[in-house]
Amino acid sequence: MNMIPRFKWLPTPYRSLLLFIVWLLLNQSAAFIHLFFGAFLAITIPWICYRLRDPQPLIQRPLLTLRYLLRVFADIVTANAEVALLILGPIKRLRPAFVRVPLDLQHNLPLTILAGTVSMTPGTVSADIYPTVEHLGPDDPLPQRWLLIHVLDLEDEAALIATIKSRYEAPLKEIFQC
Amino acid sequence: MQNWMEWAVAFFLLLGGCFVLIGSIGLVRMPDFFTRLHGPTKATTLGMGGILLGSIFYFSMSPETLSVHEMLITIFLLITAPVSAHMLIKTALHHRLKAVEHTQGEQELKRGQAFASKEGNRSETPEDQ
Amino acid sequence: METLFAICIGFLTSCGVFLMLRGRTFPVVMGLTMLSYAVNLFIFSSGRLNLKGAVVLGTSESYADPLPQALVLTAIVIGFAMTAFLVILAIRARADLGNDHVDGSMPDARPAKKERQK
Amino acid sequence: MNVLWIALLPMLGTLMPVLMANKSRNICALTTAIAPLTALVILLSLTQSVFAGHIWQFQADWIPLLGLNIHFRLDGLAYLFALLILGIGLLIILYARFYLSEQDSMPRFYAYLMLFMTAMLGIVLSGNILQIWLFWELTSISSFLLISFWWHKSEARRGARMALTITGAGGLCLLAAFILIGSIVGSYELSVVLQSAELLKNHALYPVLLILFLLGCFTKSAQFPFHFWLPNAMAAPTPVSAYLHSATMVKAGIFLLARFYPALSGTELWFLLVSLTGLTTLLVGAYLALFKHDLKALLAYSTISHLGLITLLFGLNSPLAAVTGIFHIINHATFKASLFMAAGIIDHESGCRDMRRLNGLWQFMPVTATLMMVAAAAMAGVPLLNGFLSKEMFFAETLQQNLLGALSWIIPLLVTVAAIFSVAYSLRLIHDVFFNGQPKGLTKTPHEPPHLMRLPVEILVVLCLVVGVAPALVVGGLLDAAATAVLAGPTPTYSLAIWHGFNLPLLMSAAALTAGVFMYVKRKQLFDFQNALPGVDTLNIFERAIKQLCQQAGQLYALLDNGSLQRFMALLLTAFVILAGLPLIQMETLNGGRPELPVDAVNATGAAMLLISAFATVVWHRKRVVALLMISVVGLMVSIAFTRFSAPDLALTQLSVEVVTVILLMLALFFLPHKTPKQSEPSKVVRDIGLASLVGIIVGSLSYALMTRPFTTISDFFIANAKTGGGGTNVVNVILVDFRGFDTLGEIAVLGIAALGIFKLLTRIPVFKPSSDGEGRPWARERHPLLLATVAQSILPLALMVSVFIFFRGHNLPGGGFIAGLVTAVAIILLYISQGVDWVKARMNIEYQRVVAIGLMIALFTGLASWIFGRPFLTSWFDYFDLPLFGEIELASAIAFDLGVYITVVGSTLLILSSLGKMTTSYRPTHREQM
Amino acid sequence: MLSYVIFSVFGMISLALLLNLWRLMRGPSLPDRILALDTMYINSIALIILYGLLMGSPLYFEAALLIAMIGFISTVAVCKFLLRGDIIE
Amino acid sequence: MNHLVVIPILLPMLTALLIMLPPVHYSPWRRRLVSMVSTVLLLLVSVTLLFQILADGMTFYAVGNWVPPFGIIMVADLVSAIMLCLTAFLAVGAVFYGSAGEDERGSFFHPLFQFQLMGINGAFLTGDLFNLFVFFEVLLIASYALLIHAGGKNKTKAAVHYVVLNLTGSAIFLLALAVLYGSLGTLNIADMALKVADLPPDNQILVKVGGLMLLIVFGLKAAILPLQFWLPATYSSASAPVAALFAVMTKIGVYALLRVFTTIFGEQAGPLAGLATNLMWVFGLATLFLGALGVLASKDFRKLVANLVLVSVGSLVAMVAFQNTAANAAILYYTVHSTLICGALFLLADLIAIQRGKAGDRLVAARRVSQPVLLGGLFVFAAISVAGLPPFSGFIGKLMLLQAAVGSDKQFWLWSFLLLCSLMVLVGLSRAGSTLFWRVSGMQKADERALPLQVFAVFWLLSASILMMVFAGPLTELGFAGATQLGDVIQTIRTILPASGVSL
């Protein structure tokens, strides 16, 4: 896990990249002035906001990230089609359930991404991550954390937990090297 | 080319419209809050993606313009929808909303509720129970 | 369309006015907000309705009237400032006077007692 | 100039006692006397010319447009009064030096006295009727101060207030009369008025103005039924009574009767009003005087009676009667002033004014007794004294009048009755005080006063004697000059002799004297009769009446203003319904003929949602959170309507304001109850629904009427000039930052001020933090949910990027500084929500009020910059630059202005929301922190 | 053809909005209502995008973007309010 | 183009901002000094402007260099210049008084005070109806914030009423604006006056509705019955310098009535000429009477003074109905007089209340004030002036009011009401004065003494009454000149809209 940026003037390189793309998307143009101004903003804005963020682990494996994103995107499409069918289908056949997933991830950003992914993909919604800071004393060591999820139609609890851990949590651990 | 684009536009718009509608139907049809949450979070997001894609194609039909900024809305929704859902479900836990009767893992629900409110003991971890 | 628009304005006004006539500060704030919507739509409508005339030069043949739009913008901002002040004033009044009645005291004693018990 | 000095010197004299406040009492009195003495000398130096008929004048412009100019005018009448005012005034100054005790503030007394003297002189010397009124009211004010000189006594305060009220009311009537006279005559100059008798008397408004005029005179001169203030004014120190209530102020009304005699008298109405009032007053005063036990009260009623006598004379519409009236003014002033002063001496040296306790004072103060006896004899009309002369002439006049036709004989009869009482009370004054056994229960042994204190009495009594013995010699010229002025023409022949032979008047005098003595001797029965009558305490009655009036006023006031906002709002809205609704009824048709746009299903859905959610907000308004959600839908639908009807800027603004409002309301709801208790009675709800419906119907109809009418507007100019003159293609934005940039400057100022005000509201607020929500649920444990915190941190730079984008495109496309500002602010607020104040404050310690100030400053200076180029404030500038690589770039001053808007909006919004948020944290703003 | 498509999608979105409103009114719980409102915000984005298509004008894009943003923030704020009362603590 | 015209708006704004920023905001005395100096400067500017207008006639300032009716203009004529001078004069008194310590009892006193001045001056100067709304809001929001200065339950309570009523008023103002814009197609007041002349009858009714709505709005600001309810509580609970400044607030309503109803609905307006005069007349008199009742009924001195404000407003609004030069001249003179004296009375009430200890300004027996001569003297002077007794400005003002009605069919009622109410005021004031200064319980005096700045402020405001007496001649002439200028709508239109081609 690495939380120290490589360049001082570019504290959050991926964020800057994202912003640069966003600027071009907003202007829908790749004219020089937009490139120039976009680059300027993509550097200055993170710099302005730098203090307004908690340090987060940096992405160590960009390519893997890309793969992860593509996979999630595909999952979203398929999962949503499933959910749509469930919604339109007979309600009585639904098997809703609450499931608790043990977490290996520790850090906020990966955790957030995981929870987000879980919410967007297979008929599940992240409900809570606990214990939280408030449950612990200031000096308590971080214990095992859990992700509580709600499943719309649960077939096999163990399989679901396994899927989540292998398909999403493991790549994230890889990406952030934590 | 034009015709192909038009078909694409029509396809994406209709697809998106359907998903949006299904999401909202889910909101109405589902028996409890927790199940209702799924429709809007997922189907609607995808539906929006469809409509925005339709829009992208539509505005890109004329040769000199390219419309891509709809991507931004999609990205934004993808980022925020899970958080909204998370906050909502936390609220539901806090308000001790009843899950529909045949929901499995009721114990997990109770535990979650206990953690959300102050009843969850400080030293209490799931292992202890 | 104009008829429907006018009905909406009238109805929003009625709702806003009714809420403003309530005895507690919060409904009054809500009423004010609602009334502001109505008033803004009213100013807007004084420039007549136009479905295809966003006043950005070069995008349409017949433009909507831009002046009422500018006026509504000013009115929205001012309305926001005023609402904000009133909201905070309501908090202050509750803190200072111990209740959220617009007159600072209950019309008769009994409901006041009830509220205190709560 | 001379006449100006006479009027001016006492005014300057007002300052003397104030300047000499630290000096000894003698010096204070002496210096005070300098001014009136000088004035008197000047006056006397003018005697010859005035008696010869010369009128001295001084004129200067003051307010020509109102006809109010400075005009002093000294003729015979003015001379007579000025002489009385200055002469007796000087004696009073001397007398008061000894009368006032060590505890009394002598400078204050003298200052008031001189102020009063100024006012009196002003009245008599004025040549402009508005100026008369000016001084007239000054006498009321100064007499209020004098009567209430011993302010710690309740009856002094109340007596003063009563005098002020009565004379003040009269004064207002008089003012109305004067303006009427002025408007009829066309001038407020006294000389013009006096020459316009026919014009005035023949005018339709003559009765009105006469009544108003007489109300002024009668209240001041204590005529029945306004007489009651005078006895109550006796709470004043005796020098005041001697001066104001015998010689001067009460004579002011009489003076006006005399002054306006040429212009207003000679009509039936004049006679009826003036003489009958005078007669009644004469009788009532004389009768009541007899039964007063208080020395000063007796004198007060006697004064009322004598004032009635003079009034009666002026009312008889006969020149000779008027002359007699003037003569009696002189005589009454001398003997009554001396009597008051003597009474004051008795009070001063014996500590008592009650005649039931004061007996046999002859043995203690023979000189004073003698003086008083002479003066009282003059009052009773004993021969060889001045009172006798004028009374004799008075009797003769009453005999000669023929105004009541066959009943004219009643007047002399009643007058004789009054004279009988007059004799009786004079006799009582002497016998009861100086003889009649031994004093009872006096706190100190009476003795003669210091000689200088007695001196004024002596002088006046000598005058009574001298005038009584040699009237023509002493006052002939004076009387003649005054009479000429009053009659404004030839004076009738009259003779000021002691002996006119045996005639009916003499018989009346003799009868009055005899019957008076008899009445005094048989006074026991009369007193018993009077005592059997219910006593009337006018002071209490008056005070109670005023108090009652105030209470009634309070009740009437409370009837309207019950302190209920709901009532006020209902009234305001009712006014709206009436004023805006009634004209609409006159309209033939609402529809103005402009074709309507077609309705489609989507718009109908939107409208339905708007209506339903608005209705739901109202229905559920007592569940506040639910109502908040419902009203959000309304806001959303309104924004969509703006989008639908070609107003993207409006939609953007409405949306961004919407979210801030919702956050604000939620912040507020934390400190407010979450539910509204049911409180309104059904009838009230029905009333409110009715009122709300009416308002809604009117507003809706108006909007419909407007929308369906074709119209031409100045907006075409904006569309035509936005690009060429304002440099932008988004016309709405160009209007905001350029055509109507001043509105925007005001608007952001409002926002900034609101933020300051909110900060102010939240300082030192006694906050209470509910520990559970409306249903008693304790708050959730997690303060800053992890997911939210992480995402919020990522959204901030995105939002900033979007802000920049929206900001820069605003001039040409929907957007602009305001919306950009709100987007930025909302993103930061999201940080506050997700991370809390402490977290943000630790990382970004900005004082938002400074941000607000800087933003406003930028906008202001952008506007001011155009001055450098010699253009008006806020004149815009823009130009296009062609740069290599970048292409054409537009630079515009509007961008700088919009930057000011942006910064102000960010600062204000954050100041508002964060100070509200801070309330529950350690960063709760305190008063000291603010600057 | 496209205009038919656009109108039918309009119809779907309108229906969706009405369904959202129904849930918002019906409740029964506050989270249900908030969820309905949140969905309504998102569906409105679709509505506005469609307006843009109808007009053939990209002027409405920012409004859609803004709704996405404020819909999120108000949902979060209301939830925070229900959870903690004090949304900025 | 005369930049002096906008300075009365920009100077207070700049001052407010300077006070909020370093280095001024660091110490109370710096803030005070800047605020006081600026206010005095404002007075000088206003007076200079007045003299310039006297010399050169009416002028306007096109903000942003856009010709009317398209851009916003500031109209500087004698009436607005007189009101500017009045405001600045009053403000000097208020800000000096406030600088004696009241300003530090809450935050942002001076910035808010200056913002309020900005709003007031803007409202007086603007020639654009929507811009008038904006400046109304500026002055209102500043007044809301100032009202709660120094805190306290009464202030909060009064503020809730004041704010809610005024917000409703603002909503109605906007509706009125929209109606007028929607039927006349313009926002410039002079242009409206021009366009109102030739309207189809149906649109006339709309314009009439708009005008009557404005009557409600301005009536609310001016506090005429039945819209006066906010006034007594608001004025009597505000802290002294704020209340003093507020004395001019109702006059803004009167000014707006005068401006709008003599210009837009002036004699050129055809069937709409003289709109609402009957209403103003009746409700003006009613307000006058209500104020006088209030003076009698008041149980504390500040409420009494607040009711005196009502009395003056009632008289003024009733006079607006006359719509002739003499009446308008009287309005101008009387406005200046009553504003300054009421302002002084609010300050004086505070001094008295401080020295009377616990009893404050309640009209009950209390301990004796520590400076009876000073305060009593000031009180008597102010009371004489405000009651319209000679020789000070009140007398001249009343004389003008009475004279203006001569020959009119309204004469009888105006005179009756004015004179009767004068008497009631006299009774009320004499009762109040004798209670405040003379009904003493216990002889011990207070230690509090009025501070020099406070005394100066009261003297300053009261000196106006003397100045207005001494220079009554030129001042009445000024009033008549201003009234003539105000009444000459055609000339106004020709000055502002030369292109309109209006001929006499």
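Just a few scattered comments:
When the chains are written out, they are named A, B, C, D, E and F in that same order, and each has its own residue count from 1.
In this section, a residue touches a chain if its C-beta (ideal position, glycine included) is under 8 Å from a C-beta of that chain, and two chains touch if they have at least 3 such contacts.
Fair warning: this is a prediction, and the values are worked out from it, not measured in the lab.
Steps from chain C to chain F, taking the shortest chain of touch contacts, total 1. Among the remaining chains, those touching chain A as well as chain C are D. Each step here moves to a touching chain, and the least such steps from chain B to chain F number 2. Across C-D and C-E, the chain pair carrying more C-beta contacts is C-D. The most central chain, judged by C-alpha centres against the centre of all protein C-alpha atoms, is F. The most distant chain from chain A is D, comparing centres defined as mean Cα coordinates.
Chain B and chain C have centres, each the mean of its CA atoms, that are 32 Å apart. Measuring from the averaged C-alpha position of chain B to that of chain D gives a distance of 70 Å.
The centroid of the Cα atoms in chain A and the matching centroid in chain D are 75 Å apart.
Inter-chain spacing, taken between the CA centroids of chain A and chain B, is 15 Å. For chain D, residues that reach two or more other chains under the stated contact definition are 563, 565, 569, 573, 628, 644, 648, 669, 699, 702, 706, 711, 713-715, 718, 739-740, 743, 747, 750, 753-754, 757, 761, 779-783, 785, 787-788, 791, 794, 798, 802, 813-814, 916. Of all residues in chain C, those touching 2 or more other chains are 20, 25, 42, 45-47, 52, 54, 56, 67, 74, 78, 81-82, 85, 89-90, 92, 96, 102-103, listed in ascending order. Each of the following residues of chain F touches two or more other chains: 130, 134, 137, 141, 144-145, 148, 151, 160-161, 164, 168, 175, 178-179, 181-182, 187.
Working note: touching chain pairs come out as A-B, A-D, B-D, B-E, C-D, C-E, C-F, D-E, D-F. Interface residues of chain E facing chain B in the complex, by the touch rule stated above, are 1-2, 5-6, 8-9, 12-13, 15-17, 19-20, 22-23, 29-32, 34-36, 38-39, 42-43, 45-46, 49-50, 52-53, 58, 61, 64-65, 68-69, 72, 75-76, 79-80, 82-83. Considering their complex, residues 52, 54, 56, 59 of chain C touch chain E.
Only residues 781-783, 785-787, 789-791, 793-794, 796-798, 800-802, 804-805, 831, 840, 843-844, 885-887, 889 of chain D touch chain A when the two sit together in their complex.
Within the complex formed with chain B, the chain D residues making contact are 777-782, 785, 787-788, 791, 794-795, 798. Only residues 18-19, 22-23, 25-26, 29-32, 34-35, 37-39, 41-43, 45-46, 65-69, 71-72, 78-79, 81-83, 85-86, 89-90, 93, 99-100, 102-106, 108-109, 111-112, 115-116, 120, 122, 124-127 of chain B touch chain A when the two sit together in their complex.
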